[in-house]
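What follows is a pair of complexes built around subunit A, which joins subunit B in one and subunit C in the other.
Showing the complex of A and B:
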């Protein structure tokens, strides 16, 4: 799951995948704007066939936050 | 006052390194956290704009280390001044004021209905549906909501679809040549723009 999430982020933000880690911060490390974060969430929704409530977006600060959310959502 | 820089293509690596070396250690560390050089440059430029704005508008020669609220809104400790920074691919902006202020600048990108559905009211979605220029109209809406969110100091915690923009003073400028949109949310009406070609 982590590799897939990193791959999507890498493609979206044009950052080499091997420089993105579980603890990478979307805004402070990877240069995401708020618009990018919301847009990226849409890509994860499509890719993993999940729904991310608005209130959960603010909790997605790091790559690992996204991975944990997707893992929980796809286990349900 | 709004300080704006949008000639990013002219910002050389040499200028960047000179600016980076001149930053206080805490800000240099933050800039160097970014993986991409362009993001580092924008972060440095945003701070350079703030330094210049505080010097020219308030006679300040040093920028104290920011403090942050629980939602990440930065402020200057123990000073009756407000500021807001924003950067996107095409521009960097800094707003300073005696009063609360929030600013957002975003590049104009292709309209994404999925993002729109998430952040727009039904009336806004209908307006976009009928728009002949969805790309610009949507990004304008986005910057208005983001500027309000930064003004309120709540970041993405504020539900964008629930924002009533009519309740706030906002001013938007669209730069068609450089393809970006900038909105400032402010308390008082005396907002001016200074567009800088050299930092």
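Showing the complex of A and C:
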């Protein structure tokens, strides 16, 4: 799951996958804007067939936060 | 006609929402006004339907709440949100649009302040509604799905008589001292501003309402001006999948904040770089230039690959809420997509000036709207001074803070707190800011003082300053010397403290970077920390 998430982030932000880690902060480390984070979540929704309410997006601060959210959502 | 004085579009007179609805019902009738999409299904609302829904829901609100009561609305963009707004105003009550990023205690504070006891909310906000119910006594929360039942319960409805000059809306805006102020607008304020803006910009075709409706600029363009012009509007509940929506719906224009334009621009530039066609596009731009002057539109064909990436039918983008980089405007111009920028402030309903599609100046925020007067107060030798506005678009005042209203509106002129100058043709140029407000490219206004007060409560902070860098908030902290000596890693200590603070703040107020200073800040003669203004 982590690799897939990193791969999507890498493609979205056009940055090498090996510079992205589980504890990378989307805004502080990877240069995301708030719009990028929302937009990226849309990609995860399509990829994993999940629905993420906008209000939950603010909880996704690091790559690991995203992985955990997707894992929980796909288990449901 | 390119960049020459251009006549105003003739706009039918209306001063209330009811009058606007009567005009558009007779003009557009069964034409689709709004579309909403949920996953694969799409629902549409015609102008006739919207007219009937507003009339019946207003009738219900009038019977239930009487008049001059405040009713708040919160939720993602939806038909029900916009219906609520219209119905509350048309029922002679006062709508209070709530920023959906605020926490329940913050919302409760605003509701208490404006004596509002009713909140209409979308289902994603049911926990917020519950939490507010735990804070405010006699609080009523109504879930949006109930609105349909209210409408169906009204057999026949008449329009309620409303006063065009009475308060119709209270919009909470970031105060310069950190405390939000309720901007009170009448129907006449709102209608005059939309009419004036429509006199400057003609809307047509299809659009996507991307920006949250509680944003005054978003509501004016995507909830009022589009209605007047009969635009088919897809309501986007979120900014997720914006590019997919644009490619599917093929809008003729969009109203967005600079942050979205910047992202699209970056994406286009990256694609051009990868395709290796940068040089070719430069040549095409030169080829098109002489034809631009003759008003022969070659750019749609020459730059069709870029345009097709944006649905293929996008003619112009209205960018508002924050300043936009002129280089981006110029680049989009070369693709044949005009970016229309302007200037607005909630206190002026909100649009004050616009660079028009065929009449504009680079680096300017356009000319004042028709019937709106702009002057530069107390100009210096360069003609720079505070931008002041007069006209029917100026608010009634701040809710329950007459002293702030008196400070803001002097001799009938609203003092914006922004510095600027006018050229000989009346084009306005922003040059600075008197108030300490950070305006991010997503259109959010942040009061640095509010965040500095909160950061100042962190143990070990002696002084701090919040500023903006690359569109992110940065906190610079001068720490206590004892703490500096006691903490082995003072940077980690403050990073953790700021992270904890960020958890309590709406995302747009989150501090992205912490800088530790070794020395005190430079002060003014009145011992205030010196701030530098960034354009």
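Operating definition for what follows: the second predicted complex is superposed on the first by the 76 of 76 C-alpha atoms of A that agree within 3 Å, B and C clash if a C-alpha of one lies under 4 Å from a C-alpha of the other, contacts with A are read in each partner's own complex, and residues count from 1 in each chain.
As a convention for this text, a contact is a pair of C-beta atoms (placed from the backbone, for glycine too) under 8 Å apart; a residue touches a chain by one contact, two chains touch by 3 or more.
These numbers come from a predicted model, not from an experiment.
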Inset, instruction - State whether A:64 touches subunit B only (first), subunit C only (second), both chains, or neither. - result: neither
Legend entry - Per-residue contact with subunit A, leading partner among subunit C and subunit B: B
Legend entry - First (subunit B), second (subunit C), both or neither touched by A:53: second
Inset, instruction - Using the superposition on chain A described above, determine whether A:30 touches subunit B (first), subunit C (second), both, or neither. - result: first
Inset, instruction - Scan A:19 for contacts with subunit B and subunit C and give back first, second, both or neither. - result: first
Inset, instruction - Using the touch definition from the top, say if A:39 reaches subunit B (first), subunit C (second), both or neither. - result: both
Legend entry - Contacts on subunit A seen with subunit B and repeated with subunit C across the two complexes: 14, 28, 33-35, 38-39, 41-42, 45, 54-55, 58
Legend entry - Residue ranges of subunit B touching subunit A (in the complex, touch as defined): 30, 33-36, 38-39, 42, 88, 106, 109, 112, 114-115, 118-119, 142, 146, 149, 155-157, 159-161
Legend entry - Interfacial residue positions of subunit C with respect to subunit A in the complex: 76, 100-101, 124-125, 237-244, 259-260, 263, 270, 441-442, 471-472, 506-508, 510, 512-513
Inset, instruction - Within their complex, state which residues of subunit A touch subunit C. - result: 14, 27-28, 33-36, 38-39, 41-42, 45-46, 52-55, 58
Legend entry - In the complex with subunit B, residue positions of subunit A that touch it: 13-15, 19-20, 24-25, 28-31, 33-35, 37-39, 41-42, 45, 54-55, 57-58
